[in-house]
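Here the chain labels run A, B, C, D, E and F in written order, and each chain numbers its own residues starting at 1.
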Amino acid sequence: MSLLKLGIPKGSLEEATIDLFAQAGWRITAHSRNYFPAIDDPDIRCSLLRAQEMARYVERGTLDLGLTGLDWILEAEADVEQICTLTYSKASNRPSRWVLVVPEHSKIRSVADLQGCKIATELVGFTRRYLAERGIEAEVEFSWGATEAKAVEGLVDAVVEITETGSTIRAHGLRIVEDLLVTDTRLIANRAAMRDPARRARIEQIALMLQAALTARHKVALKCNVPAERLDAVVALLPSLHAPTVSHLYDRQWLALETVVNADQVRDLIPRLCAAGAEGILEYEIRKMV
Amino acid sequence: MSLLKLGIPKGSLEEATIDLFAQAGWRITAHSRNYFPAIDDPDIRCSLLRAQEMARYVERGTLDLGLTGLDWILEAEADVEQICTLTYSKASNRPSRWVLVVPEHSKIRSVADLQGCKIATELVGFTRRYLAERGIEAEVEFSWGATEAKAVEGLVDAVVEITETGSTIRAHGLRIVEDLLVTDTRLIANRAAMRDPARRARIEQIALMLQAALTARHKVALKCNVPAERLDAVVALLPSLHAPTVSHLYDRQWLALETVVNADQVRDLIPRLCAAGAEGILEYEIRKMV
Amino acid sequence: MSLLKLGIPKGSLEEATIDLFAQAGWRITAHSRNYFPAIDDPDIRCSLLRAQEMARYVERGTLDLGLTGLDWILEAEADVEQICTLTYSKASNRPSRWVLVVPEHSKIRSVADLQGCKIATELVGFTRRYLAERGIEAEVEFSWGATEAKAVEGLVDAVVEITETGSTIRAHGLRIVEDLLVTDTRLIANRAAMRDPARRARIEQIALMLQAALTARHKVALKCNVPAERLDAVVALLPSLHAPTVSHLYDRQWLALETVVNADQVRDLIPRLCAAGAEGILEYEIRKMV
Amino acid sequence: MSLLKLGIPKGSLEEATIDLFAQAGWRITAHSRNYFPAIDDPDIRCSLLRAQEMARYVERGTLDLGLTGLDWILEAEADVEQICTLTYSKASNRPSRWVLVVPEHSKIRSVADLQGCKIATELVGFTRRYLAERGIEAEVEFSWGATEAKAVEGLVDAVVEITETGSTIRAHGLRIVEDLLVTDTRLIANRAAMRDPARRARIEQIALMLQAALTARHKVALKCNVPAERLDAVVALLPSLHAPTVSHLYDRQWLALETVVNADQVRDLIPRLCAAGAEGILEYEIRKMV
Amino acid sequence: MSLLKLGIPKGSLEEATIDLFAQAGWRITAHSRNYFPAIDDPDIRCSLLRAQEMARYVERGTLDLGLTGLDWILEAEADVEQICTLTYSKASNRPSRWVLVVPEHSKIRSVADLQGCKIATELVGFTRRYLAERGIEAEVEFSWGATEAKAVEGLVDAVVEITETGSTIRAHGLRIVEDLLVTDTRLIANRAAMRDPARRARIEQIALMLQAALTARHKVALKCNVPAERLDAVVALLPSLHAPTVSHLYDRQWLALETVVNADQVRDLIPRLCAAGAEGILEYEIRKMV
Amino acid sequence: MSLLKLGIPKGSLEEATIDLFAQAGWRITAHSRNYFPAIDDPDIRCSLLRAQEMARYVERGTLDLGLTGLDWILEAEADVEQICTLTYSKASNRPSRWVLVVPEHSKIRSVADLQGCKIATELVGFTRRYLAERGIEAEVEFSWGATEAKAVEGLVDAVVEITETGSTIRAHGLRIVEDLLVTDTRLIANRAAMRDPARRARIEQIALMLQAALTARHKVALKCNVPAERLDAVVALLPSLHAPTVSHLYDRQWLALETVVNADQVRDLIPRLCAAGAEGILEYEIRKMV
């Protein structure tokens, strides 16, 4: 089989992506000033590429597989296969979204008010199509960054910018008019690669392991001991009747239960388990879950 | 139910406290220049406050619950309920203590020798009461910090300062006369809040989970395989006859044992387990233990 | 029993060694400018010493036990007992080796071409003996560092230097002629200490626990649930028929399997387990394995 | 003559104070964990002390001379001699001031509205006297820091806090009601020391040199060449008719002028000098000016 | 007069530009997340903008004055007035240039070989015009960065990239075919602003002071004393007969000479001055020179 | 003329040496992992070498010129020409010295007591000769570092180590018996190079400029204005009657004086100049003084 060509997003997602692959079972080692990080799998070749350009290269087949944002897939209008969504940004729990932003006292109250306006954004193609689909004629120009400043200073009437909480936008005396696009990270594959059984199997393996790693981040294993006569009462508290493993203790009047639960349920579950007679409750981290 | 108002100590304990809550199941996110960190529990509201002021605000009911040192509870003479002691300082294994410190060649050999002396300390109230109870009259003045320097330079006759190992004190050419107070971190609650069943339940849940996290830091899970005929001999080596879980291996001549032991016993226990015929010995970290 | 005198290598291996002992069950606390780190075991006394000098002191009995490289054991021609090899360097997976290095366009093509040459190295004794054994006469001089520069500038004809990947050597326009010595870290003991039963037992305990920690770094525990009728098919996929623990789920149509596998096999094993009907697959870290 | 005892403020002013003394001609070397920095003048002994405590120790004669804020002199009601004001804070050009701060929507509009209120501040004594002089009864309590948070959370009705630009206060949703005290750094001396001629001379020397260094920070030397016939026209542009030095160039048709001007005038002065026929204009930094 | 609107380049040139204005006599204070830095001149308003966009905004009159690279002026085809060149990049003494880069073993040997090729660059417009003027048809696509990687991996046939020394390019196994554009930093002004006498005067003042600061960076003042009879011999060594100032020493047999020379001539000049009988030679830094 | 080969000491002196050359008029640019820093003088070639090895390479003629410590010149017994001493270490004002160090309670009270002892040091050759000259037989062994630890632990009877203040030595419970060698940095040249007139001239130029830079670090220029009738009184206060330059002010009743003084005299001189009627006193930094 030929090498599987995998694209890793360079920049803000780079470190988090490498951490995720490490948990999933692949060790990627990036060196400064080198665009081809090493990976401990002889069947894969890694490239570091900007998220903005990933979809284009996956579409052409320069890459078989890559990670990038939905926003940049849409911006490139790339014809690629979206394998799955992978949520591993760490800064906050809120989704990233591209929003239409205007000065606080602007008359613009909705997208419809943009008729005849000038707009700056890094997401030029998507914004133009978004407006055209709504019958709005406006001038959309590319911005290399510091986009909010152009709205503050009146260089343009509005900007389309990405944000999580909106706090930077408000701190500049700007106002969010509406959301244009909620975006997240996607694993994307080249369509021809997905028709090749060998490469498809490898892609699905990678998708499975990345998802197993992400799932495990929100789960923990919980164990406890219960007197045999309270088994049913304790199992009834657990989220799944099916999953718990049951073993005997050396003292055979007692049983040991083991199951997986959501990490954020534990703080409520443990007091209930105690009340139901469980003892020796233990919580473990897990690294993968399928 | 109204919100539970929780106080987190700002400063030297802040990061360790946030780590402890994370392990216990609550994610607290502090932002710089913001005194109200976010917490992922809609029933709790967090405030960052100096440890020195915590007890006063819990007493008044401004907070329902808080973490602070025994020293500052006593300094404030606050009427609060002490729920439990939480030991999670990382620097050393020795307790923190407030000590009476004098220059190496001072004539002061005991607290009794302080009669008529001048003393500098940040713990003014406690020190005054401590001396008054022993019938000693001395001038105790508040120090904003750099307290040892005042003893070094002869600005005062003695200082009362906090220390773990005493090494900084000795490095300044000073001598510890005696310990006045051994202190540790306490979880404290407002008395009225403890009489309200809903808030009391929440407070007890938090106490239970914080203690479960701390207990787990000194424990590990140990597993091993034993031939069926050696089961009793191996179990006899374990600290508890009650706890070990017993399962079969696929090869049913062998049994699998699983138990929890103190982390610092493992280095002595494993050689004995090997000698008794155990194989496949594994050690796991645990995150909570009740 | 007298104290066991243990030598920790100062410098590049220091932090990794302390981490390894922590995982093995001993907490070592090094203070800056102090050569005797604290250890939480009253029977052991730690010293920080340069790896170059470790073997000499273990030979003399100044230390009972120490960690150092095979290169420095050979350089010192020290008569010590090598207990075991410990591989815990983190930078790469390749072994460290002392290589003969010359300028790219040098006529030297093999060790035999060194006749009459001048060579700089930090490993003077080993290099001299290596050449003498091959009947080559050459001048070998001690170098305090920046050894490659001497070959670049023509101060010497060749240098003997340590490397992992050789990339620094090539970046200076130099060429590796051949490997003289592949080295790794060894746990070494004084021969007299090994004849004293009490000290021998302690040394073997330490060796056992250090190896248990290192083994665990490449292993993970894997669990999964299988329908009873598929048990044999799933077990056949696992690397060992002997090891898996088998328990029942609460729903007794299902069995739970638990075993230990190499961490780098998991990414291939999980898809096969899924295909064979396993569910609820979990991966756990382990801290020790014997 | 006995040693002159000099107090340097520990903390936020420490580095700027040491830089100022270096420019003035004294090299002070502070070591961590040492309260007595070295100084290259055998007649002076330095101590590091908190600014809050400086005035008290100068008053008692423990120190002959010290630097601290006017705020802490007033807070301590210390009877000391104020030698001069020294403005060398670097963050902004605005003075520091203690302000009365309330929540944005508070009904308090002036100090008079504080009747019966609770106020938190680190400047307790000054604030109590300030209110008493205006006939206002209010409860003023000591705050260990994070003072603004107490107004935000409603623990108190108002706080008295120090600020330069007020931006942190506004960022917390608070409002400045009025300024209570504009403060700056003062060089203060013990009254008895000033009556001793030897110490008074030393103190005046230090004051002179510190002021010479500060003055030089806002001045530059300016030189230019002018044809002899334009001398009067060019001198007329300079701020002082008295000061410029006049020399001949080797070509004696030309004269060289040299003078000192404010650094921020140069950008306007140079174009005028050019227009008046000056050439070879040079600007130099100066390190002291008396 | 209305405010002069000045654009400061955001990013890699930002800190060096602010340092240059400080030396020239204007203090600019940039705050993070703020696009409008403060300046201590009430007649000027500063904006931080990307160098890529500066020329466009100066052309439109949104700004009166700005600093940006010649490359971005040409890329934007902006009709602006170039006031002067300002060389203040610190990394090396070599000019920045946009170069045509291909893989080492590519057949492309000159721009003429690009016929029918695919080229990636951030400087799309300039590159297209450059090729069109030479009658070459090629596909030029925009690159967001990591441009070299595209040539390495064969995504394109060539890239056009900026470099100083070319070392990064060679380190990637690439080859420079030829230079397309040598670029430097320019002070540019809006054409209408230059027709307004008040704004023109301000712009010329700023240009004069920036150039005075840059000139001074390569010059030093040199002084020496000479016996009167050697004056002519010493003056003959100096680069200019006109400039040296001549004064008398207190001992009137001696004269003092003062002049300005290039900083890098001093090391050769001083030995010659000594040989010619000069004494008391001093070198001073200067901050501005017109 | 052939290139002058200059050796720069790698390691602790490296940055200070490069700063000194910059002030002297040569810009040296060191790149990481490169032993041949660039220099802006086509007649010089720089190498970075360990101070320990510098003298050996200057002796052989591999280098024409180098900077290293007197200790390493003596250790190597190198036959080189010492051009001048250069004092530019920044840590303290005290000289570095190699001292004989023993445990606090050792019976060794002088070098004579070393008869039959074991000594560890990095300066083996010098120490052996030092003892031999005094008729003392002792075993001196090479130490790679952490030398003090060997005395602490009793591995040797004494160590010979370098120190400035002795504080680290005392902090380890050790005692200095006596000084063996006071060392400083020397500029050394190859003897053959000094016989070649062209290279000798270059070497003397470099020595002159380095000394000019170091001298200027302890000097400042001082200017003041005096009424003509007070000229002699003011000149009498200055350290040299010869040097001051005298010019007229525009107001010819006043004279301007200019001279160079030691930087640490200024704080005492300025008050006396004021008292004698001087005005407009200014202090300037200087960069070179011959």
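As a working rule, a residue touches a chain if its C-beta (ideal position, glycine included) is under 8 Å from a C-beta of that chain, and two chains touch if they have at least 3 such contacts.
Please read all numbers here as calculations on a predicted model, not as lab measurements.
A.B. asks: Trace the shortest chain of touching neighbours from subunit B to subunit C and give its length in steps.
C.D. replies: 1
A.B. asks: Find the pair in C-F, B-C or A-E that has over half of its contact pairs, by residue number, in common with A-B.
C.D. replies: B-C
A.B. asks: Pick same or different for copies subunit C and subunit F, depending on whether their interface residues overlap by over half.
C.D. replies: Comparing the two copies, subunit C and subunit F contact each other through largely the same residue numbers, since over half are shared.
A.B. asks: As a quick test, compute the distance in whole Å between the mean CA positions of subunit E and subunit F.
C.D. replies: 37
A.B. asks: Using mean CA coordinates as chain centres, what's the gap between subunit C and subunit D in Å?
C.D. replies: It comes to 59 Å between the two C-alpha centres.
A.B. asks: Would you kindly tell me how far, in whole Å, the mean C-alpha position of subunit D lies from that of subunit B?
C.D. replies: Their C-alpha centroids are separated by 43 Å.
A.B. asks: Where in subunit D do residues touch two or more other chains at once?
C.D. replies: 247, 284-285
A.B. asks: What chain pairs are in touch here?
C.D. replies: Chain-chain contacts present: A-B, A-C, A-E, B-C, B-D, C-F, D-E, D-F, E-F.
A.B. asks: Which residues of subunit D touch subunit F in the complex?
C.D. replies: Those in contact with subunit F are residues 24-26, 40, 204-205, 208-209, 212, 216, 221, 231, 235, 241-247, 257-258, 260, 284-290.
A.B. asks: Under the definition above, what is the set of subunit F residues touching subunit C in their complex?
C.D. replies: 10, 33, 35-36, 47-50, 52-53, 57, 62, 143-146, 148-149, 152-153, 155, 168, 171-172
A.B. asks: For subunit D, which residues are in contact with subunit E within the complex?
C.D. replies: 220, 225, 247-251, 254, 256, 263-264, 266-268, 270-271, 274, 279-285
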